Amino acid sequence: MYDKLIFEISKSGRIGYSFPKTTIEEKAFLDEKYLRKTSPLLPEVTELDVVRHYTNLSKKNYGVDEGFYPLGSCTMKYNPKINEEVASLPGFTGLHPLQPAETAQGALEIYYETSKMLSLLTGMAEFSFSPFAGAHGEATGLMIMKEYFLRKGDYKRNKVIVPDSAHGTNPASASVCGFEIIEVESTPEGIVDPKKLKEVLNDEVAGMMLTNPNTLGIFEKDILEISRLLRENGSLLYYDGANLNALLGLSRPGDMGFDIMHINLHKTFSTPHGGGGPGSGPVGVVEKLVPYLPNPRIQKVGTKFELREYESSIGRVSGFYGNFLVVVKAYAYLLSLGKENVKNVAYLSVLNANYIKEKLKDDYKLPITGPCMHEVVFDGLRSGKATTLEVAKRLLDYGYHPPTIYFPLLFSQSLMIEPTEVESKETLDGFIEVMKKIAREAEEAPELLKEAPHTTVVTRLDEVKAARSPIIKYRDLK
Amino acid sequence: MMYKYFPHTEADLKEMLKNIGVDSVTDLFSDLPEAVIYQGELDLPKAHSEIELREKMRELAEKNKQLIAFRGAGSYDVYTPAVIPALTSRQEFLTSYTPYQPEISQGTLQYIFEFQSLITELTNLDISNASVYDGATATMEAMFMATAQTRRNKVLISSALNPLVIEVLKTYARFRNLELKFISNDELRTSKEDLLEKLDESVAAVIIQNPNFFGVIEDAEAIVNAIHTNKSLLIMNVDPSTLAVLKTPGEIGADIACGDGQTLGIPKSFGGPYVGFIAATEKLLRKMPGRICGITTDTKGRRGFVLTLQAREQHIRREKANSNICSNQSLMALHTTIYMSLLGKEGLVAAAKRAYYNAHYLERKLLETGKFERVSSQPFFKEFVLKTDLDISKFNQYLIEKGFLSGLDLSCYGPNFKGCILFCATEVRTQAEIDEFIKTVEAYHV
Amino acid sequence: MSKVLENLLYTKSHEWCLVEGDVAIIGISDYAQDSLGSVVYLEVGEVGDQVKQFSEFGAVESVKAASDLLAPVSGEIIEINEEVIDNPELINSDPYGAWIIKVKLDDEKELDSLLDAQGYRDILE
């Protein structure tokens, strides 16, 4: 198996680039005192070296294009190739963010129209694409929440409620904005109990962050009651859009009483995950909160699009306008789906998850019965003969990316499966068969799981060693 | 119901519904209150076939004007080698998830390790992370690393920092009750005197940019000792493409280096996606936000890569995490890693020098037109400020019509900047382009 | 079944405390090290710092978790166990031997708010 770092295939005297010959005279350079004295350890490789190196590295990865990725909460759906093509048009990639608005009308139109479409789908009034990812969108949304109260002269509201099932970014984002967290306990069915919520509501609560369906894939059936309680308390309700796939075109957060939300374009709207980004986490708000959206906002004046800054805004949250090319991909996906197909995203993703639920519930513990939405959470093997970690690692041997493990934190052996609407019955059946096989292996030949994975390029890695004595750059190896 | 991204046939639906034990898919939504089910049809565009989509996108792209850029100010015209998109569009890189299951993500983890290594080499610091969103948010994260480390609440910021970066810092600082104070500049360079005057025991960090927003090269060495004596941190926002030649943050003694990797081969893209980076000294390791990749061994003793020190991050620390960052700009980190590998030791120096000489040639030629004069005698790298009596917006508009994106009008930054333009020439500008630009400038009559 | 030593006092947050005269020697319990998994890092303040009962005086990290260390008593940190800071795995192998800090007691009465061995065992059930 290829096992070299780019530095290790480097050889002095090799180059991998070409520039045109310059005709500009290279006179005196900067004074010595401004120049670096130490020589950096940089690669010296040919173009072919680079191509082979990264091609070989890529073979050690696993993408959605090659197989099923049932990661709960991540919505690993197919990334359409036409989106890649259109996002690489020079008319988009060659634009300077500070060129005059009149020369970037196509780009501004994409932002404007995408905001309109997302607003229609979610019941919000306007979206900002400044946030680069979901967590960034959360922090931005919470800043809007805080700004709303500050402008009203209400300085007491410094607390935000999150359910104990919340994704880690929720409380982390609240902290980033200077809020304190109050955690509210879920019911045994995994949803928010309005009675428990009432107990923690007071005039210090700015708002609550909720995902719906929640991180267990269950619809918060008391959502109208929850939003009413918060409204009566003078608080706002924030929607974490990570699970929007279950409701797309069918039900809108705005209609449930949410005031602010973010969407993960790299989840619901098919933009590629890229190994960890770039994503995009646009933040949307209801009419009364629009003045607080980050600067600049894209406005339509007559037939022209403009970038405008508002004094009421929370300010800028990114250097320019967010991950534009990612938004282009989401825009293309929305046009491709169109009004005819949008609802089926919800119908089919929920159908797929329930199918898996039914087929695996005999082998895996189902802590919450009743229909799930687009994802299902199991609490490990019914037999308890192996841990969720061991099941996950054994799945790797069968060529599958494991589901999300150990999240949500409510169950000690959480295994969260989200099949998305693009997966066929054959794909699901294949996965189900392997999961059942692993459940049997746990009983009959548990070492297969305990030492898994066996067939991947590396076996289980020593994470303790990596944390105790971190080696995080090439120089540490020399 | 047939659509190319939905595989369910009528037979599939029937079988699956039977297995689940419901009559129709809508039964699965029975938990939803009536009031939240959207009635009617959403007024979205109709579904576009691929052919229609291509046409539509082509139309939109053509509504944007492609210009030859003599403007930088945070986004630079760079050369993107063909190898880069060929590699980054590989499905194993493009469509894979965050490497939480390291055994099938060694490709991603290794390029993150290489990215971290290259960033530490360029900045000459001890540690780096797997990327953050952009240069502005990287500077924001660096600011909070410093306040967390020193437990102090005030930050001094050079007024020669990119104004858009300053805007982002202001937004975050306000919500966390951080006090920001600005250091004045002298001939477009951060004023040492003003800095010394403002340093006090409540200052967590001093942030400067090098080269700064005006293109000027700062004299960071002159201020670092005073900053450290004050037990504050020095944060430098830097352009990584210049670090192959410029004195590094590490050599200067900075504690944190941050910035945007856009200048490492990423197209201007109307502002994103770019890639932010943060590098720091060893002792700030646990304050470093975001993902970090480390080397370890597997059960057979083979070398492997894993995300490490995850106990700092949001999914473990939750509200106690230093940052909420989850997804970063991973694929863009790969993009710049390939760029740095292709150009390598020699190429990064060659590109930096070329930008320097191009910008100095441009400056000389602009001065020769007689329409501009210098504002500062300080050394600059690839951007510089000139002053003019011309009406800048009319002048710039004329140049746009001729296909050029001229320098940035700085008048909006205050009375001191009336008539000032921030010009830029990167390594991709040719002498022919510059000469054509100059000819067009010369031909401009009020 | 995790080990609980008789002669120690405990907090609900799984720190233990041994009192010798007016000095409290502090560490974390067997249950704590077991739940954390392999400890990779330990961070505490400095000698001379004032700690407050039940307030944070540092943090302990494993690969999959991080936990604040809460002081069983108030007082000044008079000694830090550098050996454990440099070799945090000692906390796993010998949680009751690998003390973390020594604190000069401000107020003996605070010891009454701590759990004795049986009291601690009870909460572990």
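Some notes on this structure:
Order of writing sets the labels: A, B and C. Residues in every chain begin at 1.
Quick note on the criterion: a residue touches a chain if its C-beta (ideal position, glycine included) is under 8 Å from a C-beta of that chain, and two chains touch if they have at least 3 such contacts.
Bear in mind that the values here come from a model prediction, so they are computed numbers and not experimental data.
Set against the C-alpha centre of subunit B, every other chain centre is closer than that of C.
When the C-beta pairs in contact are tallied for B-C and for A-B, the bigger tally goes to A-B. In this assembly, the C-alpha centroid of subunit A lies 38 Å from the C-alpha centroid of subunit C.
Separating the centre of subunit B from that of subunit C, both taken as means of CA atoms, is a distance of 43 Å. Centre-to-centre separation of subunit A and subunit B, using mean CA positions: 20 Å. Shared interface positions of subunit C, defined as residues touching 2 or more other chains, are 40-41, 61-64. Of all residues in subunit A, those touching 2 or more other chains are 463, 467, listed in ascending order. In subunit B, the residues that reach two or more other chains under the touch definition are 311, 316-317, 320. Here subunit C touches subunit A in the complex through residues 38, 40-41, 61-64, 88-89, going by the rule given at the top. The residues of subunit B lying in touch with subunit C in their complex are 286, 310-312, 316-317, 320. Within the complex, the subunit A residues that touch subunit C are 406, 463-464, 467-468.
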